[in-house]
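For clarity, chains are labelled A, B, C and D in written order, and residue numbers in each chain start from 1.
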Amino acid sequence: MGLPFILLNYKTYLQGTGQEAVKIAKACQAVSEESGIEIAVAPQLPDIYRVALEVDLPVFSQHLDGIGAGSFTGQIFGGSLKAAGASGTLINHSEKRLTLAEIEASLNAAKKFGFKTVICTNNVPTTAAAAILEPDYVAIEPPELIGTGIPVSKADPEIVRASVKAVSSLKPEVKVLCGAGISKGEDLKAALELGAKGVLLASGIIKAEDPKAALEDLISLV
Amino acid sequence: MGLPFILLNYKTYLQGTGQEAVKIAKACQAVSEESGIEIAVAPQLPDIYRVALEVDLPVFSQHLDGIGAGSFTGQIFGGSLKAAGASGTLINHSEKRLTLAEIEASLNAAKKFGFKTVICTNNVPTTAAAAILEPDYVAIEPPELIGTGIPVSKADPEIVRASVKAVSSLKPEVKVLCGAGISKGEDLKAALELGAKGVLLASGIIKAEDPKAALEDLISLV
Amino acid sequence: MGLPFILLNYKTYLQGTGQEAVKIAKACQAVSEESGIEIAVAPQLPDIYRVALEVDLPVFSQHLDGIGAGSFTGQIFGGSLKAAGASGTLINHSEKRLTLAEIEASLNAAKKFGFKTVICTNNVPTTAAAAILEPDYVAIEPPELIGTGIPVSKADPEIVRASVKAVSSLKPEVKVLCGAGISKGEDLKAALELGAKGVLLASGIIKAEDPKAALEDLISLV
Amino acid sequence: MGLPFILLNYKTYLQGTGQEAVKIAKACQAVSEESGIEIAVAPQLPDIYRVALEVDLPVFSQHLDGIGAGSFTGQIFGGSLKAAGASGTLINHSEKRLTLAEIEASLNAAKKFGFKTVICTNNVPTTAAAAILEPDYVAIEPPELIGTGIPVSKADPEIVRASVKAVSSLKPEVKVLCGAGISKGEDLKAALELGAKGVLLASGIIKAEDPKAALEDLISLV
């Protein structure tokens, strides 16, 4: 199946804020180097610069507005993310939903800066629609499972399988990530068996007592 | 009248992105030290950390969500701003409007971290309503003048005068800033004569060929 | 204390949709005529016309956008509400929050058509801020109590008392309504004793097996 | 090419508000009966009931929220639209944009009530993405042309042609409407020649001195 892609969303967890963001990123880097598995981190916006300075991993933004340089106070401009060291972004996370027109604009803005892009979606039809826009990844996350610790790969395997099928028939170059409730090695293994190319996860690692050990468990069955 | 407070909003201008954000902040610091006038800078979110590391000025965020630590992907958490070195924030800028409930929540979140707060408003009634919430400052910016180079202190002095009057009768400890179109020394002087305690400005300095000279002109009549 | 004002929000309850909206309004009219108490109804937008045709009660909209005639597809224009027979509107209900600038614009649009206005708020500071804008009423509804059946007048009497105090000191002509969880006669009585001039209620009447009996119970202790 | 579908969006134009909405709908009905061309009208929400009572044409809503019966104050519930006589809806008009998840939920809500559905989009990629969700129609409207009187079929024929091509290769049963700037017979003819199956139009008819004559001109070359 090839090695999976692991994207770690820090959300606004205290355990991943400020200098803690760097510590967790260093744990990710160690595990990535030991295993050869690509791990990317998505810390909070004010932490991107310091994380990117101190680790050699892809650093993603949690959000990017589809705007350029100009009069956009408080919005997230790709140019400033790039300058801070980011190389990818989440788009349309369930906690930061965008209009369809904004998703497309955000994707264009991200591509302009050479970013890897992950559009988050909530069910099979929206996953298929997002794939049409040609991001690098779509991440299917049924909202009712986010943050529950119940992995989508177990609770609703059909949604992952159907998403993979829909995407591969429409845009085979777009890869599917599996989100929502992923934290253990068996969750990742199940996701990959369903056709996902990786996972988007958050609390299972960030809030773990030992994030490095949690990451090692996550990849233990790959 | 006392010395004014000057708050410089970088918006997403290319001229103030990344390392340029630091250069402009250093110009602000030099002018502040020469003049004794308090100048604060509000760079883009990913630039807050590097600006705060390199200058000794109050660094503001352009936005703060009224949320805490937790599952708030892509939102702006006060704790991460604080960790990055911020000490204040704009709230409800015309380019990032919030609901009334969100403004109040944002203000509470900001106060929890000891931040100075500036609520932006668009006319006299909304300025009065914002003052009731007891931020440190309200910044009155008629949207039709933002970015025009036409100073509100000249184009619509009555809106500034009426805002100052309304605020001082309701909440005398809340100070009024004058935004929209401010860039020259005479604009600042006019604003202060109308009762404002300072200005919120952006393009006139950030996009100036020589930001330091532009700042020196701005304060030349005080 | 004078007679209270009762405003019945139909939300999108099936029991108050279409011709059912008219039936409930007729029950309100009967109770209003028997008791002399002013009752206003706020059915869904597509039902305003038929309700206004068939009853002689104030008919409120559940929302009004702060826009005029023009290119505002899907938005709610005061002129069309007026033409349909509405004479008042809720603004900023917790299920339809607006920015501060939009609240003010909505209020202006409503006043232009001579509408009675009720701004909904969530706590004491936002109630005070809303009162500054001078609607006819502010309706304080702690979001955590909405739809619970637990009356705010019992669960959190202090929030009602403090809202009344804040509003009467700032804008004595603005009246406070008590929302969230109100359904019984004792809830209304408690609200009025705390200084409210009426109540905003919904499920307790609309979803009652016998709405007329529920209304009669509601006003039984006044 | 078959007869086109004409959908008339009243926006919040004064000329189509209240009883005027009925007058224009009657003109549409007369032209539809004379020509055999299907014309549907999308008046403002409070006017749907009276229009549906008085004409025998499909009546569309300008918006539908993806919610059901329940606690959704101020939102637009399919059940109340159905009860008022609507049989179709616009979704995601440029003046009422929705998130991708909301578009999908709105579409499902509309289908539950047997409504015809038109998703509005702004460019070729978003048109293709919307088509994946399988509405009856997608209406491509470049925002920069809306309300200009410059027909998209002339100003940017390629966007129409490319939309038709993308949609027919992905979901051949979904039909493309051409919006933005359409008002004359030659605009409609050009749209149909580019592969559109109809048009979505507004000011050209609603604000015409003689709407019936304007409609007759619109269909004169078909």
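Note that contacts are C-beta pairs under 8 Å (C-beta built on N, C-alpha and C of every residue); 3 or more make two chains touch, one makes a residue touch a chain.
None of these values were measured; they are calculated from a predicted model.
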{"item": "From subunit C, the most remote chain by mean C-alpha position", "value": "A"}
{"item": "Separation of subunit A from subunit D, taking each centre as the mean of its C-alpha atoms, in whole Å", "value": "37"}
{"item": "Length of the line joining the C-alpha centres of subunit C and subunit D, rounded to whole Å", "value": "33"}
{"item": "Between subunit C and subunit A, distance of the C-alpha-averaged centres to the nearest whole Å", "value": "43"}
{"item": "Subunit A: positions in contact with at least two other chains", "value": "94"}
{"item": "Which pairs of chains touch, using the document's own definition", "value": "A-B, A-D, B-C, C-D"}
{"item": "Touching residues on subunit B, where the partner in the complex is subunit C", "value": "92, 94, 97-104, 121-123, 125-126, 128-130, 132-134, 170"}
{"item": "For the subunit A and subunit B complex, residues of the former touching the latter", "value": "9, 11-14, 17-19, 44-50, 61-63, 67-77, 79-84, 86, 90, 93-96, 146-147, 202-203"}
